[in-house]
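Naming follows writing order (A, B and C), and every chain is counted from residue 1.
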Amino acid sequence: MTSRARVLSGFAVFGLALFFFPAFQEAMELPRFYVIFLLSIFFWIAQASSWNILTGFSGYFSFGQGAWFGIGVYSVAVLAGKHGWPFIAAVPVGGLLALVGGLALGLVVFRLRMLGGEIFALTTLAIAFVLAALARLTSAIDGGTGTFMTGTPIPEFLGEFNTAMYRMTLVVMLLTVLAAYLIYDSRLGWGLFAIRDDEAVAGGLGIPAFRYKMVALGVNAFFAGLMGGVWALQIGFVTVEEVFNIRVPLFVILMSILGGMRHWMGPVVGAIIIFTLSDRLNSAGLTDVNQIIIGSLLVILTLAVKEGIYMRMRDRWLTTLISMVGVMTIMAVFGLTTSLITGFAVAMVVTVTILLVPDRLWDRVRRGSDGGGGPPVEDGAMAEAGR
Amino acid sequence: MSLLEVTSVTKRFGGIVALDGVDISIEEGEILGLVGPNGSGKSTLINVLSGFYAADGGEVVFDGEDVSEMQAHQLAAVGIARTFQIPRPFDTMTPRENVAVSYMFGHSRHSLVEARLAAQEWLDFTGLARVADVPVSELTLHQLKFLELARALATQPKLLLLDEVLAGLNPSEIDESVEMIRRIHAQGVTILVVEHVIRAVMALSSRLVVLNQGAVISEGDPETVMSDAAVVTAYLGDRGRSA
Amino acid sequence: MDLLVQGIVTGVLIGGLYALMSIGLSLSWGALKIINLAHFSFILLSAYLVYQLAISFSVNPLLLTLVVVPLFFVIGALMQVLIHRAKLDEFKSLIVTFGLFIILQSMIQTIWSADFRRIGSEVNVFEGGSIRLGDITLPYPVLLAFIASVAIAVAMSLVLSRTYFGKAVRAVAQDAEMARAFGIDPNRVAVLLSGVATAISALAGVFIAIGQALWPGLAVSWFGIVFPVVILGGLGNTMGALTAGVMVGVAAGVASVVWGPISAPLVTFVILIAALLFRPHGLITARSVA
């Protein structure tokens, strides 16, 4: 099987398994919370992946994820919440409007030669606040009063509320990650990587930089907006503060840096880890400390993590497996927690810490345990060098 | 009809006139040498011809087509490629990937799979096959320059602009590079060689053009040009002229 | 009509404050190639410190300039030392300073809560006071800020063009390695410049504490003002920052009168976009530090 066929079948298998999970959960009488937990993870995977398609692949740093997300949410809030459009019709509009917004931004900023990347980053920083101000000012959009989504019905075939949200976020997430993979493994992807390394040289080799950047930005904005549209229902009472705060833009950066910005799986892994951690901290009542931890994580990860956890997980997969299973087993056996998710969270923290050990030290440790005779590299640590 | 016709090209940076009405033509199949003292505008000309700078005036006609307004990637598509004096490889990619990306986009479009295979050809041609899959950071300057060549060649250009490709090399590396350029030429590529290393440029070029302060001051057969009084003055000042 | 004229005048004065807030960022971005997002938290932190010290010790807030400016000079210098140690490139510094920004913001929120804080008029002699020129009111806080910003802009401009330090800064901004060959230590220069930039930001914080109520969300609201000013004025161009600050101040002021205060960020953003669209080259030639 070609590697592409393998990956696509992987998508199919995971997609199907996840699709039937709610039914599984009911049948096995597992906590309903798992469904809600998972749908949140799907949300973040989609946001982080779509963000990384632009920033990770092309190197154009975007602080604007909140803007595209916000356009998506508000499109649905206004069309469905205020004007009674069917939810299913409003969601794609959210994606399309976000797409238009992204392309408009790109048209203005991507043509700049010098300082293009920096100005892009800063403009994206400003854009969310501007949209927030716009929303607050315009009563047709929000006017400061907020919009209730409770009156908006979900199509019956999707099931009850949580199952419906689960299914919708799952579909959007799968589409987003699929897009990320397809771009990664294509001329567009390679063109973006070249642009990231040296845009001027890339142009000289025939890569249509402006066009490619627009595509990446468009894809980013579209999926961010699409997921935003779906999420409007989850938010319930849509307000400017809830939608346009720093959480979305901040978390996607954190998730992608942790997971790895050079690979399409990076944001997926990063999203799972960060959200699980954040969720557990919240349920332990540590919401205030949350922000400080997040900020510190951002600083530490940027300094310490070179190419992200995912590549390390792949290279040291055996270690990862042993660590995850080991920690979770220990926690279960010693009764340290009854929550699967908490066990998972702790296991991940331990595993990530182990994985972050720099290669040189790691090789020395392994060589030590081998009695000094074994080969210095584990399964594919050489892959460090490549992509 | 020449392959490249450059007519009255000017380029200004603020108050500085880097190119002052340059007229050059390059015939298909030749190696044209371009020399001149520092600051004469050689690199600027390459930058203009490859689309890295936009000219302020004048006209460039390539293969019968007016390319004066074209951007870098469009020029690559019509068959103009260049190398950089200080190599600029894509540093998160291996040499093989660098060449493959080039092949994917250059003169005609190719798929990922084709590109990885085809890259081997240019890696072999430039002798980089051994280091094709190591990080670019581990290559020597000489190897990086050859990577520049391999990458430029992978775009299948009709015209190759070499920007001081011999800078920083020791004599034996220079000889190897000259040999490489000859082999590239033998493949049918027209070459513009911008150089400071005079003996190499004399050895390679069928014709020589001398630039000084943004204008052409002499052109023709290498021997004749280099003994031209104006050229000697440009390089060495008036005292350089022996009686 | 009077309302409009008042709006313009106030806009000019506030523009001075905007310029003061922007000069620090403009210098560090232009000369050090670092976009320091924590800059905004520094201004806010300085303002909160002035507030706290003013009410705790019943001190005239303006005097606290003598406390916060040196303090933040040190903080800025230290930050540059750490950034240099960590060998951060432009984008990494963007992310790291962003993280720093988040941390400082939550610290501020934890210490002072999200409630509005304002120095009371017993301590703040400038509160509510103003100079009247006919029908036009010049409120003390923004008037002082304006005067300070003109002074600083002119002073920095002279420092950059006339003093050895200024020339060293410009040399380092153009080519750090070359500067080293001339006996200039780029690190020393960077550390000093960062200190100066942060100190100027702290000064802006003083005037903010004097002139308005403080709340954590202020820092974020400044993004949409400071960046347009920095970009329009040209990186490293302090007089440019002053001019751009006034322009933005007037535009925002007029917009506030006509459409209400919430429209201000929209207006400044539109100005920024317009500048990027129609004068992108202006951004390049205006790099006066380089």
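The rule is simple: a residue touches a chain if its C-beta (ideal position, glycine included) is under 8 Å from a C-beta of that chain, and two chains touch if they have at least 3 such contacts.
Quick caveat: nothing in here was measured; it's all calculated off a predicted structure.
Trainee: What chain is most central when centres are computed from CA atoms?
Mentor: That would be chain A.
Trainee: Where centres are the averaged C-alpha coordinates, which chain has the largest centre distance to chain C?
Mentor: B
Trainee: Could you put a whole-Å number on the gap between the CA centroids of chain A and chain C?
Mentor: Spacing between the chain centres: roughly 34 Å.
Trainee: Which integer distance in Å separates the CA centroid of chain B from that of chain C?
Mentor: Averaging C-alpha atoms per chain gives centres 46 Å apart.
Trainee: How many Å are there between the centre of chain A and the centre of chain B, using C-alpha atoms for each centre?
Mentor: 44
Trainee: Tell me, which parts of chain A touch chain C in their complex?
Mentor: Answer in residue numbers: 59, 61, 63, 108-109, 111-115, 117-119, 121-123, 125-127, 129-130, 133-134, 136-137, 246, 250, 253, 257, 288, 291-292, 294-299, 302-303.
Trainee: Help me check something: in the complex, which residues belonging to chain A touch chain B?
Mentor: Within the complex, chain A contacts chain B at residues 185-187, 190-191, 193-194, 196-198, 200-209, 262, 385-387.
Trainee: So in the complex, the part of chain C that touches chain A is made up of which residues?
Mentor: Touching chain A from chain C are residues 29, 35, 86, 88, 90-92, 94-96, 98-103, 105-107, 109-110, 220-221, 223-224, 227-228, 231, 235, 259-260, 262-266, 269, 272-273, 276-277, 280, 283-284.
Trainee: Across the complex, what residues on chain B touch chain A?
Mentor: It comes out as residues 50-52, 71-73, 75-77, 81-82, 84, 88, 90-94, 97, 100-102, 104-107, 109, 111-112, 133-135, 151, 155.
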